[in-house]
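Paired with chain B in one complex and with chain C in the other, chain A is shared by the two complexes that follow.
Moving on to the complex of A and B:
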């Protein structure tokens, strides 16, 4: 028991929470933007994976994590742009295209990695951190939370920014109208299609950055299929957050802690088989869905394409 | 005449376009696309051994397709097929080998198939109940259960049902003599007949029976179905159980027909890759058979090409994604142009 309560153990637990929670946070925030605008983005797993590979490649080639993050954002947006054209502009089935994009990104990143690196998995150099003065010296949580790569602070800050954006700005209102009552937005002179395209591209940027973080900061290397369902967990986070970015932050912290707890227990000498450990985050998601799932609310027009004057264009599920 | 030509064009043009698009990917990666495609076609379709491997591979894919068509036509997004497949495969690998020692062969195979269907159906029960009782979106719950099922199947193989007779982490092996019989004069596992029967049965049940009509009503509009007096929650659970049962049977067929056991960390991921195929087939069972044949040949050929030409078999995922995207666009364009034709 002493082992579990020791300061070093708690610090590593919190540190692990940040490493596994930030990709979920970024992807969850991204997914939320799409969902608000009425697009259920199942392709987010593929966008994360594309971001992970591009981010790793960028950082590996230039030696700069920031360049890697930009590559990741670009790759995520590239996958998202396919989704935007097919699902928003052409109004095709969002779930099928989403699955297709995820499969395609899985195949393409694995293929590119194979061609470029064959069977080797080179590591990136260590991550440079930016300690926040004062906070970083706090006992236990200080170094784990406040001595991090700046992108961690930016991710948390973006949750706050989005929260204000949704509640206080015209842009937030437009986004919500595109998801809840697209016909009303159309009638009010807004552009449903353009709003949704922009939302999907933002999702791609966030998911790509989340994937890049996972590869560059989290793992320090790229392995094919490395996202392992994180994108799907992000979808659940966005669903349960009911449109509130700060709830995504809380959820990401919770699931990050859950992921980190399992590895920390293993490190602490508890002999739990890997396969059982891998089940824990998904089991946690199911448990949360069973308890709170009834309260999960989704925009009325989620999943349906908008056709002006068409069936279901008033936001009713057809 | 023009409609027929249009229909054929609608089926052939996307395939060609996807081949060209994916060929461009190959070319960028430094492989000659023509050489690659020729090699895949030769190894997947044109040599006797390749063709037999392709037809054998069709068995699990057809069963997964049958399960997915049933669920999707009912408007239920069962995206948990990978987990259901692996649990079915594991259940069959656990039940069949010991029984084959004491029971006649057919009884052991039957018990293995039944165990696989029950295991997979049970795994779909939670998402089905959450959907039926509380309206919780089945897309996320089936996906979560899929990841859980994959890990559970792996844990069961490694921790509980390990074959003590070997150092390789795997379940006990079904003797070759006790496996599903091959088609006469070939090495094609008889499982393909089960797969064909299942997908044709699902297609006919959905299009020709009152039960299928009820399900299609649920799929078209759950609210209308409730107004029509249909027991929607009950149908939801039943369809989930049937769909998962068929997918579990796919796992059983692969284990009892081809592999004989389940190895730790084996996951062919047939489940998700069949989803684009059934959509390309527009949820039509007969069209799905054609796409499954093409995909099997592609997989068998690509596995062989991975060894010979050094292009990993992941390429099949890229090709399927391209095909899906191209087909979606072609269908959209055709829909747009249809009023002009008539």
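Moving on to the complex of A and C:
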């Protein structure tokens, strides 16, 4: 028990929370943008995986994590563009296409990894950090929370920015209209299709960045299937958050904290089956869903393709 | 094909693995061993790799229809589908982690245990540890890995009864979770471990990354002990040893058993005596430590030291929290 009370161990747990929470935060924020605009983006797992591979590739080739992040954003948007064409432009089923994109990204990244890295398994060097003056020196949480790679701070800031954008800007209103009342947006002169395409591409950018973070900062390498369902957890977080970005931030932090807690409980030698301990993060998310999510209101046109003059009062086609 | 219980001609075999056979671990050892066994026994081999952990029935059917004489389903996740296809198409299969599922002529199990090799690794870890704490990080708790975790713990305790052993599972079947491997291993190192015994397919590279980028609590270097495969080609100087498996004798025996009519009637094992189970020697192992461990190896082979194989996860965890007790020395 003494070892879990050491400052070094507690710091590593908090750091673990950050490292495992940030990809969920970024992907969850991305998913929320799509959902706001009425597109249920099941393909986010594939976008994360594509971002993870491309991000690692970029960082490995250039030696710059930032270039890797750009690669990751690009790869996520590339996958998202397929969804935009098939689901938004052509109106195909969003769930089927999303699953297809995820499976396709799994296969493609595994193949690319096999061709490029499977005989060398290169790993990136340690991550450079940006300590925040006055905060990084705090005991335990200082280095874990305030001496991180700048992308961590940007991820948290993006939750705040999106929160303001949704509530206080015309762009946010347009986005919400595309998801709630697309026909009204259309009648008001807005372009539903263009809005949804832009939202899906933004989702791809966020998810790709989340995947790149996971590969570059979280693991320092890429292995096939490494996202391991993080994209689906992000979808749950986005739905739980009921359209509020700060709730995505809280959910990602909760999930990351629970993941770190599973390690702490095991290291402390608690005589509880590991399977039970490992359920903790998922149980926590389900508990939050039951307590807070029952009244969740999702956009009225979520999951439905928009066709001007189509069936239904809002022109959506399921 | 059930008639193979009376002995059959085997011209070709197939092996199915969930990931690419370039992982320096489970998948690569399986495929390399299948190829070696095929050469040894004069049969052709088909490799189906990167199949993932989902439903492999279509692949099994396709291979069976191609006429292979034995399908080796080299993943615990395949041990439900493979016997079903064996029954349906009457083609023999070999599976892992279901030792109670033998069917003469049709289903063989090769749940292997490297616990004796892991025991030697535990003795070695205890000898080189500076902090008095070693870690075990696993990405799941399949029986084979449990046996090795217990063997490692027994070895550590036999060498230094007071040593702390920190045990952590990354997640349920987190075989590809490299980020999780990195995160959990970093925490185990922060808890005091300076030697990590890691078991995980793709996730083991995350463990290796953590070892390479995290200092031990005494500021020194952390060393890594791998299992099954040889990661020397991708090591940056942190690999202490590996519990190496060679499945060639196992697969060759299966083919001979098919020919002899005894397939599906017995269990197979890897062992120190024929080097199908052995420790990897690296430059991080001091000369005297290696000599000492090899002497212990001789004692294990001779039966002077008995190492228990514990396949149950709960029993393994109990062993970790046990700080004393009778251990083989």
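The definition used in the following text is that the second predicted complex is superposed on the first by the 274 of 318 C-alpha atoms of A that agree within 3 Å, B and C clash if a C-alpha of one lies under 4 Å from a C-alpha of the other, contacts with A are read in each partner's own complex, and residues count from 1 in each chain.
Note that in this section a residue touches a chain if its C-beta (ideal position, glycine included) is under 8 Å from a C-beta of that chain, and two chains touch if they have at least 3 such contacts.
Only a predicted model underlies this, so the values are computations on that prediction, with no experimental measurement involved.
A.B. asks: Which partner does A:125 reach: the first (chain B), the second (chain C), both, or neither?
C.D. replies: After superposition on chain A, A:125 lies in contact with chain C alone.
A.B. asks: Who does A:63 touch here: chain B (first), chain C (second), both, or neither?
C.D. replies: Neither partner.
A.B. asks: Looking at A:12 after the superposition, I want to know if it touches chain B, chain C, both of them or none. Which is it: first, second, both, neither?
C.D. replies: The second partner, chain C, only.
A.B. asks: May I ask you to decide whether A:286 touches chain B, chain C, both, or neither, giving the answer as first, second, both or neither?
C.D. replies: In the superposition, A:286 contacts chain B only.
A.B. asks: Please work out whether A:150 is in contact with chain B alone, chain C alone, both, or neither, and reply first, second, both or neither.
C.D. replies: Touch partners of A:150: none, neither chain B nor chain C.
A.B. asks: Applying the document's definition of touch, where does A:278 land relative to chain B and chain C: first, second, both, or neither?
C.D. replies: Both partners, chain B and chain C.
A.B. asks: According to the stated criteria, A:100 is in contact with first (chain B), second (chain C), both, or neither; which is it?
C.D. replies: First partner only, chain B.
A.B. asks: Once chain A of both complexes is superposed, is A:263 in touch with chain B (first), chain C (second), both, or neither?
C.D. replies: second
A.B. asks: I'd like to know which partner A:219 touches here: chain B for first, chain C for second, both or neither.
C.D. replies: Only chain C is touched by A:219; chain B is not.
A.B. asks: Which parts of chain A are touched by chain B and by chain C alike?
C.D. replies: 106, 110, 114, 224, 273, 275, 278
A.B. asks: In the complex, go through chain C and note every residue touching chain A.
C.D. replies: Touching chain A: residues 19-20, 22-24, 50, 52, 133, 141, 164, 166-169, 171-172, 174, 176-184, 186-192, 202-203, 205-206, 208-209, 212-213, 217, 233-234, 236, 313-314, 317-318, 320-321 of chain C.
A.B. asks: For chain A, which residues are in contact with chain C within the complex?
C.D. replies: Chain A residues touching chain C: 3-4, 6, 8-9, 11-13, 15-16, 19-20, 23, 106, 110, 113-114, 118-121, 123, 125-126, 214-215, 218-226, 228, 259-260, 262-264, 266-267, 269, 271, 273-275, 277-278.
A.B. asks: Enumerate the contact residues on chain B facing chain A in the complex.
C.D. replies: 25, 29-30, 77, 79, 126, 130, 134-137, 139-141, 143-145, 147-148, 151-152, 154-155, 158-159, 221, 272-273, 275-276, 279, 311-312, 314-318, 320-322, 324-325, 328-329, 332
A.B. asks: Would you mind writing out the residues of chain A in touch with chain B in their complex?
C.D. replies: Against chain B, the touching part of chain A is residues 40, 42, 82, 86, 90-93, 95-97, 99-108, 110-112, 114-115, 224, 229, 232-233, 235-236, 239, 273, 275-276, 278-279, 282-283, 285-286, 289-290, 293-294, 296, 298, 318.
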